[in-house]
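Each chain gets a letter, A, B, C and D, in the order it is written, and its residues are counted from 1.
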Amino acid sequence: MKEVINLPVKNIEEEEYHINMGPQHPSTHGVLRLVVSLQGEIVKSLKPHCGYIHRGIEKMCEKDTYPQIIHLTDRMDYLSAHINNHAVCLLVEKALEVEVPERVKYIRTIVDELNRIASHQLWWCSFGMDMGGLTCFFYGLRDREKILDIFEESFGSRLLHSYYTPGGLMMDIHPDFQKNVKVFIKYFRKKIKDYDDLLSGNVIMQLRTKGVGVISKEDAISFGMTGPTGRGSGFSCDVRKHHPYGVYEKVQFNEIVRTEGDTLARYLNRMDEMRESMNIIEQLIDNIPAGDYTAKMKAVIKLPAGEYFQRVESARGELGVYVVSDGNKTPFRMKFRTPSFSNLSTLDYVSRGCKIADLVAIGASMDYVIPDIDR
Amino acid sequence: MDTAALKERILGLVPEATLVENKQFLTFVIPAAKMHDLALKLKYEADLAFDYLFCQSGVDMVKTLQVVYHLESTTLIHQLELKVETADRENPVFDTVCDIWMTAEFHEREIFDLMGIRFNNHPDLRRLFLDEEWKGYPLRKDYVDEVNIVEL
Amino acid sequence: MAFSIYDFTSFNQSIDKLLYDSLPPFWALIIEMTIIGVVFLLFYAVVGLFLVYAERKVCAFMQNRVGPNRVGPYGIFQTIADFIKLLMKELIYIKNADKLLFNLAPFIVIIASFMAISAVPFAKGLHAIDFDIGILYVIAVSSLGVVGILLAGWSSNNKYSLIGAMRSGAQIVSYELSVGLSLVTIIILAGTMQFSAIVEGQANGWFIFKGHIPAFIAFVVFLIASTAETNRGPFDLAEAESELTAGFHTEYSGIKFAFFFLAEYMNMFLVASIAATVFLGGWMPFHVSGWGGFNAVMDFIPPLIWYFGKTAFIIFLMMWFKWTFPRLRIDQLLTLEWKYLLPINLVNILVMAFMVLMGWHF
Amino acid sequence: MNSFFQYFADIFNGVKSLLTGMKVTGRYFFSPWEIVTQQYPENRKTLKMYDRFKGEVIMPHTANNEHRCTGCGICETNCPNGSIEIIQDKIDMPDGKKKRIIDKHIYHLSMCTFCGLCIKTCPSDALAWGQEFEHAVFDRTKLTKILNKPGSSILKDISE
């Protein structure tokens, strides 16, 4: 095919006042650089520059065996590490047509949802902090600590667990796991009211977010905005509902969709998701069936040649894993479709015409994790 | 639309499309020149309505370079996988689909960055992750990494 | 009256007399000025250090933390250690900064707050200057600080600083109105602009009780507007660390940064003490007319304690605001002023004037 | 007129929401028993990590200085980032055969990602997680550890 050569796009017009937000900036949640052209306080356009922590996970996967890949996926979206692990595990199990024990499915679902709550808690902290309410940050972290303690007791680490393995789990849950989770849910149901009192209902917060950064449903779908972000625009995209995995088919839960498409809708979606996750956990926690914690797997896992795709609902949206296998023990090509990556691509479109403060609020409501973008 | 009907429909639109064996999705290899037209039809024709491009990946198949499109219709709930290939490793070029699915803008930049596949009519085709001065395309199979950072 | 034992007037006058008797008038004046200057400087340092410590402890407790607890018992020497660190830090000179203005800005900010504090009465007879137009003077002088902030933002040659400075300019110009008008409400009630007279006028009841509804509204408006004027709390747009990294003082380091830092806390102390003086009776004890015994007990509490207690209460309120609320956006900040505070204030002044005319106050 | 009332309703609701927020922070301010932070170096004595805590990879030794490692090298191949190096040794058995034993089990803590694959795949359960978490050192070479203690030997029942 013949190449059509476009003239190089002028990066930023000379006469515009442009500032670099990042790579070191408190509100970019990591090393993301946004070149923002301003007119006074108003954002005219914005160019994200990624890649400051690009580690080439996709390339590294090509030399790793499937069990080894698990620990790399932890490091993509480190706030929902379990869910990333789950995606790869499900993919390998699907390719090998392994049926994992029910117990594993239950535990994975519970742990995923706990991880989702923990991730949303951290999002709430940083959202509050980006809005200028620093106290939110400490409340969110205080409650997240409870989940991390449960994780640490059961899986040995607080952030990067590598707990799932293809075919099952690394080890069985701790005997106190169920009890602690129930204690936590009781605790957190009380504390989430504080969240609402402190931030959700606050008039300043409402003013800052209502009608800010609106994106329509069509655009949200076209941009591939998923997760609570996409569902804030009315895009029903919950993978747990549409392509169920784990034991999501067996539990009753609502897909939280709002149609306003603004920052407040995205905010409230996440708040509701925390409650919904607690509902899911409550339905499952007492019913974990007894059984083995791992299916029988071969020592060396080789995927049959072909291509596989697995979608899971990460805390930020739809996480897709695409693998092309040539029958070896390492993947031929591994591609992660990460939710933050797609969500970031909308930032320019959404934030045009907003103020700098709105840009920060929109960025916070998108909840992107930079290693998830850069991979 | 179920898989069989979808298959007929796609083959009706692009007779040259070749079916690829895939357990999960209905997969076609589309001639590169037809891809943009097909994409337009896929999105805007009411019985197809593939409005959601949930993944776009570049794959180096050693002999060829591929771009894989994973499409879903959020209204009709059906999925489709499309591939375009080129044997030209020196200057691989496809048409962009970022005017149809806006998410493709970043995905195509990523593919250009790591696979070296260029896209016609892309509004801002620059490297996304790596420096502008970076030599080579790391995800290609023939990429030589002098420092050997992956194995280190 | 019972609290005449706490009257500093005769004490001050005796020093004054001594100096003028033993020295020529010019030198006596110079020495008096020096003494006052040194006293204020020390006071300034102590209050600044204490406020920084208090803020850190208050916010820590609100956030379920312990706060500074390493340097000294309960971390009370933390701010001193911080201050020494700031003193010893390197002053980084920015290459393309306007050197003169860059160096001048922190001094303007700190001098403005220094000048304003001189008019505040701490106890009976204990104030540096008792102007006839004390309130007007304080309003005039305290708004000089914004010049320093604007200069800092402009001269740093940094885009974040400039945006921060511009925000701060817009903010202070608008909120100055509300601060002034809410004080005017009380001036109408008090009938004087002299601080000592205002305080004396509250001997039989603080103005916030005497002027009931309009005075309370004026108090709330003053509290909001003065929080905004000190660039604090939900109105810290000029700094806005999540948007503009540190706003106007991004490029400052070492002792110059400490000046901005200190000036912020001193401004907070200043507006709190004005609020305490004008609305809550300054050093005047809490009196309920008719309760003779209760009033006598209240009189035995020294006026300095009353004064600092009230100031501390208002400072606590301002810290409470800061550590609870998210930050406003610049347009909402101006909306709040021009659409809500200013109209309310103007109506409030009318109501107060009418009330004073009819004698409906206590 | 409607907007006139709306104006005051806005003020009222706004102030109410602000006071709700202040109630939360105020409540925590006056309840210092809810403080959750730990005083780390002071609580070192009482600080106990969870049993499963992944501090570092260790090789448990018995009282007789015996370990369970056969030196098979499975952990080395399974480690995703090359933080384990096995140096094997051959010894002469009494029956004349040569037997492979471990000489040095080198563990690079600085490269370890705590994925746990070495421990999971070890056929003789020679490795385990240690609870030590204070890994900060001034010299990077100190993070390279030899897991089998000097003079240690393999447990009898493993070697057979």
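Observations on the structure shown:
One rule holds in what follows: a residue touches a chain if its C-beta (ideal position, glycine included) is under 8 Å from a C-beta of that chain, and two chains touch if they have at least 3 such contacts.
Bear in mind that the values here come from a model prediction, so they are computed numbers and not experimental data.
Listing every chain that touches chain B and chain C alike gives A. Chains joined by the most contact pairs: A-B. Set against the Cα centre of chain B, the chain with the most distant centre is C.
Averaging Cα coordinates per chain places chain B and chain D 41 Å apart.
As a whole-number value, the distance joining the C-alpha centres of chain A and chain B reads 24 Å. Here the CA centre of chain A is 46 Å from the CA centre of chain C. Looking at chain C, one finds that residues 62-65, 323-325 touch two or more other chains.
With touch defined as above, residues shared between interfaces to two or more other chains in chain D number as follows: 18, 21, 24-25, 36.
Pairwise, the chains that make contact are A-B, A-C, A-D, C-D.
Of all residues in chain D, only 13-14, 17-18, 20-21, 23-25, 36, 50, 52-54, 78, 80, 113-117, 120-121, 129 touch chain A in the complex they form. On chain D, the positions that touch chain C within their shared complex are 11, 18, 21-22, 24-26, 28-29, 32, 34-37, 39. Listing the residues of chain B that touch chain A in their complex gives 21-25, 27, 32-33, 51-55, 57, 59-61, 68, 70, 74, 77, 81, 86, 88, 91, 93-95, 100-103, 105-107, 110, 114, 118, 120-125, 127-130, 138-139, 149-151.
Chain contact summary for the complex, chain C toward chain A: residues 59, 62-65, 159-160, 163, 167, 234, 236-237, 240-245, 323-332. Of all the residues in chain C, the ones that touch chain D in their complex are 58, 61-66, 69, 320-321, 323-325, 340.
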